[in-house]
Amino acid sequence: MDNIAGTKPALTWAVNLSVIFLVVLWLIPTVGLLVSSFRDRDQISASGWWLSPFAVEQNFQAKIPAGEVRQDGAFFVIEGNIFSGGEGEVIRFGGARSNPTAAAAGETAELTRDRSLTVQENGDFVYRSPAEIKRDPSVYYSTATPPDFSLDNYQTILFSNNMDIAFINTLTVTIPATIIPILIAAFAAYALAWMDFAGRGLLIAVVVGLLVVPLQLALVPLLQFHNKIGIGQSFLGIWMAHTGFGLPLAIYLLRNYMVGLPRDIIESAKVDGATDFQVFTKIVLPLSFPALASFAIFQFLWTWNDLLVAKVFLPSNAESWVMTVKIADDLLGSRGGDWGILASAAFISIAVPLIVFFTMQRYLVRGLLAGSVK
Amino acid sequence: MANLKLTDVGKAYGGNVEVLKNINLDITTGELIVFVGPSGCGKSTLLRMIAGLEKITSGELTIDEARMNDVPPAQRGIAMVFQSYALYPHMTVRDNMAFALKLAKKSPQEIDEAVGRAAKVLQLDQYLDRLPKALSGGQRQRVAIGRSIVRDPKVYLFDEPLSNLDASLRVATRIEIAQLKESMPNSTMIYVTHDQVEAMTLASRIVVLANKGIAQVGTPLELYERPENEFVAQFIGSPAMNLLAAEIVETGAVTTVSCPEGGGTFQSNVPTQASDKGMKVNVGIRPEDMVPTDGENYAFAHQVSIVEALGEVTQLYFEAPSSSKDTDTVIAKLAGIHTNMRGQTLKLTADPAKVHLFANGRSLLYRE
Amino acid sequence: MANLKLTDVGKAYGGNVEVLKNINLDITTGELIVFVGPSGCGKSTLLRMIAGLEKITSGELTIDEARMNDVPPAQRGIAMVFQSYALYPHMTVRDNMAFALKLAKKSPQEIDEAVGRAAKVLQLDQYLDRLPKALSGGQRQRVAIGRSIVRDPKVYLFDEPLSNLDASLRVATRIEIAQLKESMPNSTMIYVTHDQVEAMTLASRIVVLANKGIAQVGTPLELYERPENEFVAQFIGSPAMNLLAAEIVETGAVTTVSCPEGGGTFQSNVPTQASDKGMKVNVGIRPEDMVPTDGENYAFAHQVSIVEALGEVTQLYFEAPSSSKDTDTVIAKLAGIHTNMRGQTLKLTADPAKVHLFANGRSLLYRE
Amino acid sequence: DGHQPFAVGEGAFNWDSYNQIADAYDLSGQTVEITGPWTGDEKAKADKVFSYFTSATGATVNYSGSDSFEQDIVISARSGSAPNLAVFPQPGLAADMASQGLLTPLADGTADWVRDNYAAGQSWVDLGTYADQNGEDQMFGLFYRVDLKSLVWYSPEAFDEAGYDIPETMEELKDLTDLIVEEGGTPWCIGLGSGAATGWPATDWVEEMMLRTQAPEDYDAWVTNEMKFDDPKVIAAIEEFGAFARNDAYVDGGASAVANTDFRDSPTGLFSIPPKCYLHRQASFIPAFFPEGTELGEDADFFYFPAFADKDLGKPVLGAGTLFAITNPSEATTAFLEFMKAPIAHELWMAQGGFLTAHAGVNPETYVEDSLRAQGDILRNATTFRFDASDLMPGEIGAGAFWTGMVDYTTGASAEDVAKGIQERWDTIQ
Amino acid sequence: MSPLLQGILTVVLGVGGCVGYFFLSNLILDKVIFPPRADNPGQNINRANLVRPWLFLFPAMAALGLYLVYPVVGSFYRSLFNRSGEEFIGLGNYTTMFADDGFRIAFFNNMLWVLFVPAAATFFGLLVAQLTDRMKWGNIAKSLIFMPMAISFVGASLIWKFVYANNADIGLINAIRDFFGASEPLDVLQVRFWNNFFLMFILVWIQTGFAMVILSAALRGIPEETIEAAIIDGANPFQVFFKIKVPQIMGTIVVVWTTITILVLKVFDIVYTMTGGNFGTDILPSYMMSYMFRDDGRATAVAFVIMIVVLPVMIWNIRQARAEMK
């Protein structure tokens, strides 16, 4: 197919452009999250992420220590620099919180009660008041703040206590919880696709039906069951739980793929003397790689991002925390509104699944069956 | 040891599409049986039933006296070449061929040797490490053959195994198969083909399938020389036997028939009884038995409409005379090259020993 | 109008597996070209390149003077029968055949008519509403043929379209194809086959492919009678031409060669020059040209090892004498049935007009 | 972690009570498992408090906090893997579990002890007493940590500059609201957004209004549904809330922004320049969501959400609190609850900030900030203290219909309809 | 033992155990229970073959039975009891539920979701799978489109807050409206009826990756020759796609559609975190969650309604499976 002559460049262009369009459409929200993950909470609620690469004009408050008041005729005067010696560039300023941008830099702003305030671009100010200055006055000014990105959010998450353990725990949960259901489901799928027995149609129907069972229904009876047989809350328990919950989809996906394999190949193997077990391991399994890989991706994702099952089936002590629990209960906890942390957490937890996706994508190959039958 | 016995075997797809019925066949060890028959007559189906890949709807199949109807394919001791090749797409040619041997737990040397030998015979040496998708049609077919001949089963089932091979390879492979067969007198082979030469050269017996049943079983020469019915007569031999309507005018050890095309009468060595006189029959003469004649007693006379020079022989096509039956055209095959015959009118006759007589589709030779 | 011209066309798979090179071929409108060649020699590949399904690695393809290398398949005006059928598995036979017509926005009546006609010719009437998976191998192949002949393209490409058909259907279909061709003098047909008879009967010219290139192009009889080289000589004709090592002892319009097998000398009508005397040559004699002789001047004498009676002819196999080349066995084909010859020693010779001489693989007829 | 911030014996703490526990128990090798709603910083503080129990008795304390505590505790209790103790943020859930037999009553005498030692002791006893499986009332919950709800947060600086005074009565508060509008400002920031719990801040408003417009007895009747939800009194209270929240001029972003602005984001309007609003009513925990670097007392402060002057209802205070209940008794658990009764257990958290207590025996000096002490005062001076009604109502109402009803109300539904809907829902669960 | 080591050990043991189970059980079946050498090998083998499917199915059925069927049956029983679980009220939970406005809204919305989300996600997934199929940077494009799949629902909700937020400084939509001069920010999540679609789009955004992966695997399984044949038959790319490719992967499309439908019936997180079911956006799963662990009777009753909603999809699948098995 790649060899077909004379593919039209216009078509290729159209395809490329539409894909770019879709990718961008799909990416925009994620980019927003990525950008936000480098900003802190206050910034996030101050300006849109799309503005974050640009300097924005922001208002600030500078407190003037009333210490060095100078008497100048009838006026009490304070002079100084609002940046207290640091760098900065004032654009506009004002003397009241409710009107922080009353005057442009260099001008003099008349304040209430006959006070006045002058602020230069470089931050030098003169504050004059006819009355004695009792409370530290404030100067409000606007200045261009450069974009501010930091890795703080990531640091908070990555270097918080025991994150390494949580990471290892997560892997400990996900890997067996991905492999074992695939294995069990593959056998069942093979039986449902290629073995002849009474009640096959009914079983398929049951599997489809079980797809829809809400997890929440099963939690209490299962944990009870685990407690009864002595597994309790443990890794073994969560593997079994994920296996049970993942099976319907696994069986369903795999069976549907397997029935599509050419009958002749399987028959040929049988004639070659293969038992069902061998037909399965040597022929069907290798040829089902695309389906196995797809399901592996999804089961991995699901267990990786799972919070509920982890909380129910794992002990609640910190040593057994998986990353989602750690992030939800430990890091976010009282900081539920900290979008920066949430964003970076989302990005950190995206990394491994993406790696899995990339590695598994290799198995979604073309023409696996090519050349086998006429 | 592999005696195969089919008793009243029938097959219906999906409960109603009846494809085969009442197949009775006894195959003894060491035979090479060839199934022939028109496309879609059920050859592959029968093979697949013997292999156990298709449920036998009715009747019984035994191998060495053991009833096999319900025995799974792996336990029947068969090797099969599928019409569709059915290669394992994820295995190299080598692994495809070694698969059965590995399953049988053969030693690696044994496997290597067997695969090497088969690859050599089938000229696949240089493709051993390719995947099926990078092979040509014929190469794929050869892999399929290789896969079966590396094994040592009781019964071989070959479904049109050479259809995609070129002539010389075909001859070579055919001979290989014949030798393979010879070297294993205890195995039985069943072979489906459309190639007459293959059928004639390989078969110890040929089974002609037609109309859901068996039209005739016999050695190649029996079928060629003494076809039981018009169907077999026309099916065996290429181009097909010409059939001409005629009437018996004289009976006895040698029968004389009239030819409505003019040309008076001519003879057949098929014996008839006095009561047959006046019977309407079809006279069957193979194209290669047709000889031009100048005499009065010819079987057929007509203008040559097409000349096909094949090198070795030349085929002459005569437009269908009203008396010919079933085939629209009468064909004669003359040895050598005769390119300039188009448009000539020829009279043709045949050696009485090679003239067949059919009444109601059945050969007069087989009357009770 | 469909003149096809291939100039220095080459193909390499994956950049390094070179399959074809320097193919030069001129096909004029109305021709029916047959590609033959050993399995895996690149016939399908060449066809696919013409169709536009494989990129042409080097060289140029023009149809009616227009360069086609980069024209997409749909614009080339071709119809194709795939070696692997490539039926649309989700469509019934009827829809498979009607697909192209529907795409071409033909009226329903037209479509029905065209499909009905093709189905009738191919004896597919009763299967029109089945899906491909419920068809036999031959039926599938017929659907594939049907799919192409309902259309009216400039160029037909047929890749072994009859390989799974039985002999009579094959003959019938072959004739249909020939008639189809005749009824459309403006279309060109390229046909791949392994069947000698098909090649010989259908082709206006045959292209023999071998060793990544063209071994010879010519009319069927040219190839049969005057093969340019040993390859073509052996490839055309079945069984293949026998080659025997010999030495030229007398030159002239008729050449006399010695035969090392004893039996002295015998003649060939191939002319030679005086300088050729003493040259080591291979003498080529087709099996069907071999005649038994009692005389002294025979080409070959040996014991018959195998007898194959095919009905029409009998093939005698002689174990390879040391002098035979390339083929291990010498074969003679005698008309009629001779079953009792096994073990006899026969002397064989041939008509000088039918004795070919090859030096270094090339025929002496074609020397400059 | 085990790091103890305060050395034993130093500071203004009641170390005596610590020593009593240490003398009375030796529980080495035993463990107390606790789950609760405190996570993050709060968990860290709690862990520090618990570490003193460990150092006193030798028993290990494993506390784990969860954001979805309500769900987790039900699952683990029902499936038989409950921890020893659970910290309930809502009495309602504890009552539910008690009635299903999933809780163990506290030791005899605890009720008396609470009555004697907690400010407004009887009300805490009542809040911790539920019917057990057999319908008998028992004391199940020991309150530890109280949240004060009746607070209005503001920026002293903004008030100062604008010359606003702290309102003493509801009437003054309303006047102030109008004044701010007149001067071109926006008085209130209100946000009800909270993911699945969206709407809960509005329930606090309604409860405050109930307390300020109706007698405490009415409030109690409302909580138990003796007074129907669609009673005119309740509707009036809802409309009091609506007077603030449904007035486009009163709230930042207009009335439509109220429903979906996250409650955690809503206070930031107080601190922006220019201010987006001047007033924010929220419980004592809210400073955790103020912008980083906000100093209490300096940049932000609170005043009591005042009562109507013309209604003779005193100064009602709305609060909430967490309570300990036994889900799985053990010796160490009993000891642990003794520790929880000791003043030291309260002081240790007071000294870390973010903690109020009703325990009368604690030393107020240990409050880490003045503002907390001031909140403590409000609590102490309350003439009426009432617990958050929605926390006492059945879950479907207090953590369901009431929430969504309030969202519907703020987005335009009429108070009658909303109240009627909630009452209907309530009817279906009885 | 460190959990990592423990994990590795279990993977080895678990996988080994599974393989061992299948291998040994087959071996025992063939060699011990029904040895083929007995007088009638055929019969024994057939007996073995009657048992074998169940050997293959046993672990899966045991796990399904224990982890799903048993709880479901238990739950159904529970749904016939009142809130405290003590009093048997028959279908009382169901009748009160159907009388509840909230339920009706959730049910209606859920129907919208069930119709829209699977259709849209499958459509986009198919589109992307097809467009990227032979593209040089197709794998990259696919990974980018897949990315939302890898984000947890909570993370995804956060992302979309940045799009939908009722504030031109945070929400992209309002920023764009602002740019075009709209004065007041609009809370799109409060726009009745349409807000459902804004929420649905989040799930579409996530699930497109799923559809894409599965469909792209299916597209790659289509025999190339049929496509070539169609091209030669004169089909343009659209015709190849709609008339050749789509029908051939119809089975997979059904699978994808079903899976997403079922997901729609289970996912409450999006609604839960974005609106908490307010503003008329409640759907059945989130409606169920508001009863879950409070009134199990009601919650399980909702669960059963959800299962009934999926019945047509089940039937459709069974039909498809039947057709394939022919």
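Per-chain residue numbering starts at 1, and chain names A, B, C, D and E are given in the order in which the chains are listed.
FYI, contacts are C-beta pairs under 8 Å (C-beta built on N, C-alpha and C of every residue); 3 or more make two chains touch, one makes a residue touch a chain.
On a predicted model such as this, the values are computed, not experimentally measured, just so you know.
> Shortest hop count from subunit B to subunit D along touching chains?
2
> Determine the set of chains touching subunit A that also touch subunit C.
For subunit A paired with subunit C, the chains in contact with each are B, E, in label order.
> Compared with subunit A, which chain's mean CA position is the farthest off?
B
> When you average C-alpha coordinates per chain, which one falls nearest the overall C-alpha average? Tell me, please.
Of the chains present, the most centrally placed is E.
> For the pairs A-D and D-E, output the one whose chains share more C-beta pairs in contact.
By number of C-beta pairs in contact, A-D is the larger.
> From the mean C-alpha coordinate of subunit C to that of subunit E, what's the distance rounded to whole Å?
56
> With centres defined as the mean C-alpha position, give me the subunit C-subunit D separation in Å.
94
> Just curious, how far off is subunit B from subunit A if you go by their C-alpha centres, in Å?
Taking the mean C-alpha position of each chain, the two centres sit 69 Å apart.
> Quick check on subunit E: which residues sit in contact with 2+ other chains?
49, 223, 228, 231, 289, 292-293 - these are the residues of subunit E that touch more than one other chain.
> Mind pulling the subunit A residues that touch 2 or more other chains?
4, 45, 221-222, 275, 328, 367-370, 374
> In subunit C, what residues contact two or more other chains?
53, 72-73, 83-85, 137 - these are the residues of subunit C that touch more than one other chain.
> Contact residues on subunit A for subunit D in the complex?
It comes out as residues 40-42, 45, 59-61, 96-100, 135, 138, 140, 161, 219-224, 226-228, 232-233, 311-312, 316-318, 328-337.
> Under the definition above, what is the set of subunit C residues touching subunit B in their complex?
13, 17, 36-40, 42-45, 83-84, 134-139, 141-142, 159-160, 163-171, 194-197, 200-201, 220-221, 224-225, 234-240, 286, 288, 308-313, 315, 333, 335, 337, 339
> Under the touch definition given earlier, write down the residues of subunit D that touch subunit E in their complex.
It comes out as residues 70-71, 74-75, 96, 99-100, 194-199, 253-254, 256-257, 259-261, 394-396, 399-400, 403-404, 407-408, 411, 421, 425, 428-429.
> If you look only at subunit E, which of its residues touch subunit D in the complex?
83-85, 96, 99-102, 157, 166-167, 184-185, 187, 189-190, 272-279, 286, 289-295
> Can you tell me which positions in subunit D touch subunit A when the two form their complex?
Touch list, subunit D to subunit A: 1, 33, 35, 38-43, 62, 64-68, 72, 75-76, 78-81, 83, 155, 157-158, 160-162, 183-185, 195, 262, 264-265, 268, 272-275, 288-289, 291-292.
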